[in-house]
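Note that the chains take the letters A, B, C and D in the order they are written out, and that residue 1 is the start of every chain.
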Amino acid sequence: MDYSALKTHLAGLSMPNPTMLASGILGISAGTLRAVAEAGAGAVVTKSVGLKPNAGYPNPTVIQVECGFLNAVGLPNPGIHKFIEEMGELRDLNVPLIVSVFGFSPEEYAEVASLAAEAGASAIELNLSCPHVKGTGIEIGQNPEMVKLTVRAVKDRVDRPVFAKLTPNVARIVDLAEAAYSAGADAITAINTVRAMAIDVETFRPILANRFGGLSGAAIKPIAVRCVYEIYESVDLPIIGCGGIRDWRDAVEFMLAGASAVQIGSAIALEGLSIFKSICDGIISYLRRKGFRSVSEIVGLAHKK
Amino acid sequence: MDYSALKTHLAGLSMPNPTMLASGILGISAGTLRAVAEAGAGAVVTKSVGLKPNAGYPNPTVIQVECGFLNAVGLPNPGIHKFIEEMGELRDLNVPLIVSVFGFSPEEYAEVASLAAEAGASAIELNLSCPHVKGTGIEIGQNPEMVKLTVRAVKDRVDRPVFAKLTPNVARIVDLAEAAYSAGADAITAINTVRAMAIDVETFRPILANRFGGLSGAAIKPIAVRCVYEIYESVDLPIIGCGGIRDWRDAVEFMLAGASAVQIGSAIALEGLSIFKSICDGIISYLRRKGFRSVSEIVGLAHKK
Amino acid sequence: MSGWHIKNNVMRTVEILDVKPENPHVKTIFFRDEMCASAEPGQFIMVWIPGVDEIPLSISSIYPDGSSSVTVAEVGEATRALTRMRAGDIIGVRGPFGLGFKVSGERALVVGGGTGMAPLMMLINRLVEGGVDVTVIEGAENSNKLIFLDRLNNLSESMGVEVLFTTEDGSYGFRGLATDLAERVLCNKRFDVIYTCGPERMIRKAYEMAKAYSVDFQASLERYMRCAIGICGSCTIGKYRVCRDGPVFDMERIGEIEEYLGVLKYNESGERIPV
Amino acid sequence: MSGWHIKNNVMRTVEILDVKPENPHVKTIFFRDEMCASAEPGQFIMVWIPGVDEIPLSISSIYPDGSSSVTVAEVGEATRALTRMRAGDIIGVRGPFGLGFKVSGERALVVGGGTGMAPLMMLINRLVEGGVDVTVIEGAENSNKLIFLDRLNNLSESMGVEVLFTTEDGSYGFRGLATDLAERVLCNKRFDVIYTCGPERMIRKAYEMAKAYSVDFQASLERYMRCAIGICGSCTIGKYRVCRDGPVFDMERIGEIEEYLGVLKYNESGERIPV
């Protein structure tokens, strides 16, 4: 099959197709990042990395609910210094390597981001949206002013494209998008998980060890599509859509809403790594059937209706 | 079966069981409100009623998504004056009749609420949470200050219990709950739908005529449980849980999180009106098996773990 | 209509295969959709006319090749837009919804008014297949408003179905109302059941006749619809939801909503208005 | 492990039916769960110990009455809490997950170390049922750490399975490592396949032997696990996820991750640490 219609240019990155691995999904080791790239992802995003090593929360950290997944992993990561060694094994990766970073202050975000950029990250994604880790979620990601300060601090230190990954756990996600835009973000990733929980009726207990977690998967797709659509109307930045994408139809739905690329996370549990290729194949057939020459032509089309 | 263990006292109301019909589901005509009560609901809430008649949005107004329903009905209602005639046929209803009201200002809420109370409403539920109607959703329901003013205006005019129905489309729903509490609300209903949308890939169009709508059903259950759990920890008011409840397990999950009663909406599409009875039967068996004598004993139990 | 059925009944978009005029104001629209092709006579679907509206329409026929049709009269914006669509255009469908006609008895009288014939046409085919002795009365204002003339005349010739037309102005068939003709037919022949669909006053009259002649009765009713899955409450008649407990109601259920039949309905705002 | 299977694999709570001590530190815990009872040998489940932790454990047996068991060694907080639970206590289970052992060949050598015997016990039963000629070597530090003595000795007597025990201190059976004994056995008899589970260095040695003797090889590996459904990345070994691409790896796949086997793993933070 000829995949050239899928070529995607996004905030200065060139990707063979618009599918990306979402952060926190497999992306903690060089081995699986490479496996995902080989399976056909157009770019890979690493697990969110902070300044210091962190073991995350005790289990249960990832559970299933009727229509998706709940997770409160607690941002486990080896710290940027060790993670740089891991990145060393990915120098020859054939798609962009986007490093997701988090911190507990704008300066910490900038510190981690600049180390990642020096170590060869193609771009930086700022995780401004973890719904269950104290000090980086609510305190930074839900506050437009802090989003602005953080994006600016990172942009000041890093010469690579910077994506701001936003949380839907706010009254108006466009306020966050506008803050990121005004501070110079190169793209918006939307969305991270929705704050949620599950309780077991036999033991009367919240199931996640952390009690609260983030909802992902099919359940949040209509929320994520809405966020992308709203952001597309409010800021002039490329958008990377994320949330519940499981097949090419979902991917196209996000692109019609305004996403230039899409990230895939939870669905890997259901479809395996072949999902990247099957989504690409599906988009190609769709583009042909509808008479489009490039996937970029469908971005934002739902706004013209 | 002996249902006496299900008796529920909530903000001064006596209900034979803790299940209630959610607002906007069937509750626009006397005939169906009565049918729901006869099917076993412990209380019924009417469709949200405003001051003037309103035809709502054009179709499509209610659609299905993979894990739930999207609606943007646009608050159609005959206006409180006509609705009072409808209520006249329900004088002999054997369960509490709760009238849901909305307005475009605190005074309008109070006006509608006081007319409803005079006409015999057992309680008033304030719809502070419609995610898709301009002027009453974002402008009032997402703003703690306006929530406070609205609840206070209504409490000043009405001597019946007042429930504040809150939206999850905010960064911190507890801020809204605290505002309602401080203004004298008698109970909190949580949650209304989550702002969302769906786009058809064949026609490139948002499917709902209003483009944006509210997500309900299984998709939002973990979000709703989380909201109830958070509110239970923050304010000392009875909570009515709502969002994606489909069986007794879901109902119990909400009660363990802190709900004293539960509302059922979308699931009626799947289970029919017999859902009220089957949930009650399920709760009764559960209470027996676990050795509880009254359903009130399980309220908030997940907080002790 | 099980929970499973509803849960898996999200909207599908389909291509219009063909559009066939039935008369100057009514068109039959053909499309292919697996779930629709499994409809029972009397069930309806919600048809999305992108950018315009979504409206309830009865399935008027199902073909062995898996295609189905709706037959729609131009009465307002949505029906106008739909009747102007062409082969290749895209519409959305969800359904089939509701309870259809139950085939019972050996002699059936079918009374239809205008596009009320749409669900009845599929029923007539089913009755004939089942060997039921069928008499059809179709009524309309004038000859221009009759539909399915060919199909019914064919059935009359090939299957011996008795088909009677009546128009208010006498421009085709008998002169007068369908119910007037029905009364005459009922005097002369014993029927087990009357099936009807059309203007609600016609249905009301037919219901009174069925009671008078002690004949079983099933009627398909219309009310304003939004969700079609029994939650929005737009379509209520008495204690019933037309989308879920109907659209076809039998004698017993009609008895329970007698006071509303042909008398009262709710408009889009939920105001009570006369039918 | 299909998408459907994962999608419908939410956690269930089950009552512990019985707890049977295998030795002073190892207990077998019985419960009833339909999905677990459909596990293949080598598949594992995630066991939630409410308020404590959730940990991966292999299914150690499935009984005709629909009950299953896990066999767990007390090594830390979670396993301590679990081994102290009693009949009537509630645990959560999700799974079974991963790829199990593939039954192939006519003569199988099973080499287990410590609780590595858990998944192997179920495999042995399956092999015996399938008429495979089975030789079992179980090794442990000392006689107190051996498990399934009764079940294995029974199999030896009733089914003619050759069962060999070895302890490092010689307190039961042979003295020495399981792999030392395996080497001797391999010299004297031709096998089609070696199945193994236990300490990773033992697996590594067994793998080298399998290569040396040109015998097929399947090993069940362990890595830190969170999701068990292939998304969190905690359990990676090279390009594979142990929860999804394993826990049982065959000769070819082990070849692809040779550089890590018995050498390197990731800890909870994702730091590389020696095995």
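Just so we're on the same page, contacts are C-beta pairs under 8 Å (C-beta built on N, C-alpha and C of every residue); 3 or more make two chains touch, one makes a residue touch a chain.
Owing to the predicted nature of the structure, the values given are computational and were not obtained by experimental measurement.
J.: Through how few touching steps can subunit B be joined to subunit C?
T.: 1
J.: Just grab the chain with the largest centre-to-centre distance to subunit B, centres being mean Cα coordinates.
T.: Chain centre farthest from subunit B's centre: D.
J.: Just curious, how far off is subunit D from subunit B if you go by their C-alpha centres, in Å?
T.: 50
J.: Taking the mean of the CA coordinates per chain, how far is subunit C from subunit D in Å?
T.: Computed from C-alpha means, the inter-chain centre distance equals 64 Å.
J.: Go ahead and note the Å separation of the Cα centroids belonging to subunit A and subunit B.
T.: Going by mean C-alpha positions, subunit A sits 34 Å from subunit B.
J.: Two or more other chains touching the same residue: where does that happen in subunit A?
T.: Where subunit A meets two or more other chains at a single residue, that happens at 65-66, 203, 205, 305.
J.: Note the residues in subunit C that touch 2 or more other chains, in rising order.
T.: 51
J.: So that we know how the chains sit together, what is the shape of their touch graph: line, ring, star, complete or other?
T.: Drawn as a graph, the chains make an open path, so a line.
J.: What are the touching chain pairs in this one?
T.: Listed by label, chains in contact pair as A-B, A-D, B-C.
J.: Where on subunit A does subunit D make contact in their complex?
T.: Checking each residue of subunit A against subunit D gives 24-29, 31-32, 34-35, 47, 53-56, 58-66, 69, 71, 73, 76-79, 82-83, 85-86, 200, 202-203, 205, 207, 209, 265-266, 268-272.
J.: Which stretch or stretches of subunit C touch subunit B in the complex?
T.: Checking each residue of subunit C against subunit B gives 3, 6-7, 9-11, 13, 46, 48, 50-51, 53-55, 90, 92, 94, 226-234, 236-241, 244, 266-272.
J.: Taking the complex as given, what residues does subunit B use to touch subunit A?
T.: Within the complex, subunit B contacts subunit A at residues 65-68, 70, 138, 142, 169-172, 194-199, 201, 203-206, 211-212, 215, 218-223, 225-226, 229, 249, 252-253, 256-257, 286, 298, 301-302, 304-305.
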